[in-house]
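Next come the structures, one after another.
Each of the next two complexes has chain A plus one other chain: chain B in the first, chain C in the second.
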Partner chain A sequence: MFCEKAVELIRELHRMSDGQLPAFNEDGLRQVLQEMEALYEQNQSDVNEAKTDGRSDLIPSIKLRHCCLLRNQRCITAYLYDRLLRIRALRWEYGSVLPANVRFQLSAEELQWFGRYKKSLSCFMRSLGGAEAGGEGLDITQDMKPPKSLYIQVRCLEDHGELEIDDGTVILLKKNSQHFLPRWKCEQLIRQGVLEHVVS
Partner chain B sequence: MFITDIRKDFYEVVANQRVALLVASDIDALCACKILQALFHCDQIQYTLVPVTGWQDLGTAFLEHKEQFRYFVLINCGANVDLLEMLQPDDDSIFFICDTHRPVDVVNVYNDTQIKLLIKQDDDLGVPSYDDIFRDDDDEEGDDSGNESDEGSEPSGKRRRFDEQYLVLLILSTMTELMLMFHLFHRREILFDYEQYEYHGTSAAMMFFELAWVLTKDTKDMLWWAVIGLTDQWVHDKITHMKYVTDIATMQRHVSRHNHRNEDEENSLSIDCMRISFEYDLRLTLYQHWSLYESICNSCYTSCSFKLWTLNGQKKLQEFLADMGLPLKQVRQKFNSMDMSIKENLRDVIEESSNKYGMKDIRIQTFGVHFGFKNRFLASDMVHAAAALLESAEKDESNSDNFIKALDALSRSNLERLHSGIDLAKKKLMAVQQTVASCICTNLILSQGPFLYCYLMEGTPDVKLFSKPMALTLLCKYLLKAFVHSTRNKRCRLLPLIMAAPKDVDKGTVIVVGIPPESETSDKKNFFGRAFEKAAESTSSRTLHDHFDTSIIELKSEDRSKFLDALITLLS
Partner chain C sequence: KTMSDVLSDDGSINQDDSQEDVMTPAELIAKLEEAWLNEKFSPELLESKSEVVECVMEQLTHMESNLQRVKKGDAKASVHRMEIDRIRFVLSSYLRSRLQKIEKFFPHVLEKEKSRGEGDPSLLSPEEFAFAKEYYANTETYLKAVALKRMPPNLQTVDLLKAVPEPCLDSFVFLRVKERQENILVEPETDDQREYVVDLEEGSQHLIRYRTVAPLVSSGAVQLI
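Moving on, here comes the complex of A and B:
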């Protein structure tokens, strides 16, 4: 049946509904494009035949193939667009450097798009908080929820080695040591599970 | 050097710096740590907290952090040893030591630059004066010149020439040598007297609470932690009764200052707010979280007075309960489910009856906390719960895991942790009572002459609990009290007790604890620290003096007998 492959792509994305990005399904995309090409060829020849020979009984099949082509196109654009939205969310979650296993899931074009998105986001952030060149800018990807305090108390869950904070000092993160550190430094590590926020 | 103004010389110095907190593993240190953490959170002073269990741990922690930190705060560790020699820090590291261990090492007292002691100077210290211990450099050079002239006088003796100059020099040199020897001997004697007995001073938690009070940043939580720190010293028998009562009076002033707002009826506080109240409560451990009967059976004071390991003792207990008119069924129930009519006058009723049975001090001054409808705790309950968590003998939990758990249990928001601690404490107390009963009944306590000695064999039930220092010390004290009540030998009652228990079966080590003799007016001064050191030296036994209390050491089991013999000869 036509358009099965395209719906398969959509279902793949729908399965991972919590924002995770599956690998770029290049094969599936190629198959859909091939199907579209085959349908188009057939339609092209049928249209020529219908015009020259005046065979009006071919018109319903032409219409059907046209609808299938449009449907395939919608499915593919929906697939690509949804992936782009997820990749955009990755910038906000992981910061500007993506971990290797995530980067593996993106195609080359998607990586390019990600790079351009990063650039435009950083341009925007730089322009905030002082419009003139050399203005400090504001990192809006920090503090997604309004913070209650500048410093938080964290507990180290595993040996992580050393962590450098903004004024250059280094902190040794050893298991079961507790620290009182600036919030922005710890958020990344809390997300990774190395530190645990202690609420007393 | 001693710090006089704790706000200016300590708090304002670290105010914009990053600090490393090295905290020992006892409840007083935990409470002090919590108070200091709360203050640091208020003023956003960045810190790193590292738990340490002994001198080796302290050394490792210092090495790991000395590159990153300049200011170190040591809580309940480091005062009784020459810290600079042990740690070999750089010249710009500064140590703030708040330690209850006494005597404070003289080098720590007289060092002006790197060591700051957060200890009150009138705190019963008796530090020898500077001139008695340290001499100026000229006299040391006199020593050198004395040596040189000695060498000079040898060849003159051989040449048999009585040069006048040499004679004068000889006399002078002998005199300076004699003076130096006398001074050294005098110095050694002073230091020996000063360092002979080990004891404890004011609670570290109370010191930090005073800091908070001076900064007017004290809250009820901090006050409660200070009370717990003080109660820990009393529960583990580290301070005398007089000192405890004096410190309670100090705390009582703070408590009434915090409570005066409750007095008017219109502005009464919500039930969830924390209320600390002074209680003249019973000395029955954990009785409000247990049944009254269990608590009486497992509290040291009552169990020793009744001698509950004998049949006679059990009968007396039944008489005692009957005398008070408490039905057995009620008494064996959980305390909270007892009848209200019984609970109302319970304290007075018990006090009256216990006076008849010779227990004059069944009530003790303490504090209780009350927040929410269900949560009432006495300070001693918290101490026992936290101590049980701190020393829980689970296999896959390291010391720092236990430290974190115990630290969490002290906050009001971690009630399940606290309740699990109370359950562990109940098990620990029952284990202690059973071990005491079996030791007394099987006469495991032997008199070795100058001291009593008891060894816990490996197969004893719950012996794993007693491989930890605090639990073993508690067992030791209960055992000594029970022994004093049960023995007829008058001389044995005045003897101190040494107890040994297996610590690590694989490595073949035992942990040895020594406590001073039990008496009404005991000043809790312990001489076993020095005695253990000397005995280990003289027999070259393989010992590890790792604990901050010098009277607790680790020893290889094979060296046990020769170590004991050396101790006997040393102390008799």
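Moving on, here comes the complex of A and C:
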């Protein structure tokens, strides 16, 4: 049945409803594009025959193939676009450096898209507050939650080296060590899984 | 015209009644919070409030530098710090709401901004406009390179205005009335209903379809909650 492979691509993403990103299905994409090429060529020859030999009985199958072509186009663009939305979410979740296991799921072109998105976002954030202000803008990927307390207790889940806080002190983030740190300094590290907020 | 001209160090208003937009810091933050809630609860992107954003950022810089002058360990420091964090959170959240809608509805947002009249208020700040254009170009280039140009000749374009859904203006919103409104026409929802007219009393709260009150949100007559 036509368009089956295209629908399979959609189902693949639909199965991962929590926004996870499966590996890029290069094979699947190629198969759908091949099917489109075949359908188009069959239509080209049938259209010619219909015109020259007056074969109007070919018209229903021409129409069917055209519908399948449109459906394949729609499924492919939906697959690619939905993946872009998930990739966009990664910037907000992990920051501008993606963990290796996540980066592995992106195609080369998707990585390029991600790179351009990051740059565009960065440029936008730096420009906030007006150019004349001469400031550094505002990092809106921080402050994701309303501030409840100034300092929070955190546990280090993995070795992360040194962290410098605003008054100059340097904290050594060693696995399993616990610290009482400014909340705003920890947010991104908590999201990345380096620190864990300890709620007593 | 910036707020810093009119805000003095102790936060009092300048006695210049001929100037519009004279605001205390408290009024500025109230305006920010109103814009934040409206943007959060509105299904569509609202008018850009660049002036408020710029003034709040100036205010934050001002507060940060005041904080540097306070002795470390002074109890005032943590209260000030908390307030700075609070305001920064509201501002970030406001800008994030807007960015999310810009990305979600990008072809429509750009179309609306490009086709607005000379005197009409901007939907996007200049920075947001640049970001939206880059987002559009980035996405279109990607789709073309990876798939569209490998498709048959008559299928190599996608009309993004048709492919990307528009905001649903018929979603319901909660609101509080700030300025009394008379004779608001409410559309029927089912075939056997008829349209009817309501008056919105000041201070009253309602659950109503966004489309009906969209102009009242932008004029400030109602506040989304």
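Rule of thumb we're sticking to: the second predicted complex is superposed on the first by the 163 of 200 C-alpha atoms of A that agree within 3 Å, B and C clash if a C-alpha of one lies under 4 Å from a C-alpha of the other, contacts with A are read in each partner's own complex, and residues count from 1 in each chain.
The criterion applied here is as follows: a contact is a pair of C-beta atoms (placed from the backbone, for glycine too) under 8 Å apart; a residue touches a chain by one contact, two chains touch by 3 or more.
In this text, all values refer to a predicted model and were calculated from it rather than measured experimentally.
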Legend entry - Which superposed partner A:Trp113 touches (first chain B, second chain C, both, neither): second
Legend entry - chain C versus chain B, contacts on chain A by residue: C
Inset, instruction - May I ask you to decide whether A:Ser122 touches chain B, chain C, both, or neither, giving the answer as first, second, both or neither? - result: neither
Legend entry - Partner chain(s) touched by A:Leu172 [first = chain B, second = chain C, both, neither]: first
Inset, instruction - Using the superposition on chain A described above, determine whether A:Leu138 touches chain B (first), chain C (second), both, or neither. - result: second
Inset, instruction - Would you sort A:Gln105 into first (chain B), second (chain C), both or neither based on which partner it touches? - result: neither
Inset, instruction - Figure out whether A:Ile76 sits in contact with chain B (first) or chain C (second), or with both, or with neither. - result: second
Legend entry - Contacts of A:Gln188 with chain B and chain C, given as first, second, both or neither: neither
Inset, instruction - In the overlay, answer first, second, both or neither for which of chain B and chain C A:Gln153 touches. - result: first
Inset, instruction - Could you give the residue numbers on chain A that contact chain B in one complex and chain C in the other? - result: 150
Inset, instruction - Show which residues of chain C lie in contact with chain A when the two form their complex. - result: 53-54, 57-58, 61, 72, 78, 81-82, 85-86, 88-89, 91-93, 95-96, 99, 103, 127-128, 130-131, 134-135, 138-139, 142-143, 145-148, 150-152, 155, 158, 163
Inset, instruction - Can you check the complex and tell me which residues of chain B touch chain A? - result: 18, 37, 40-41, 44-51, 64-65, 67-68, 398, 400-401, 403-404, 408, 411, 413
Legend entry - In the complex, chain A residues that touch chain B: 149-151, 153, 155, 169-172, 174-182, 199-200
Inset, instruction - Provide the residue numbers of chain A that touch chain C in the complex, in ascending order. - result: 29, 33, 36-37, 40, 69-70, 73, 76-77, 80-81, 84, 88, 107, 109-110, 112-113, 116-117, 120-121, 123-124, 127-130, 133, 135, 138-140, 142-147, 150, 167, 183-184
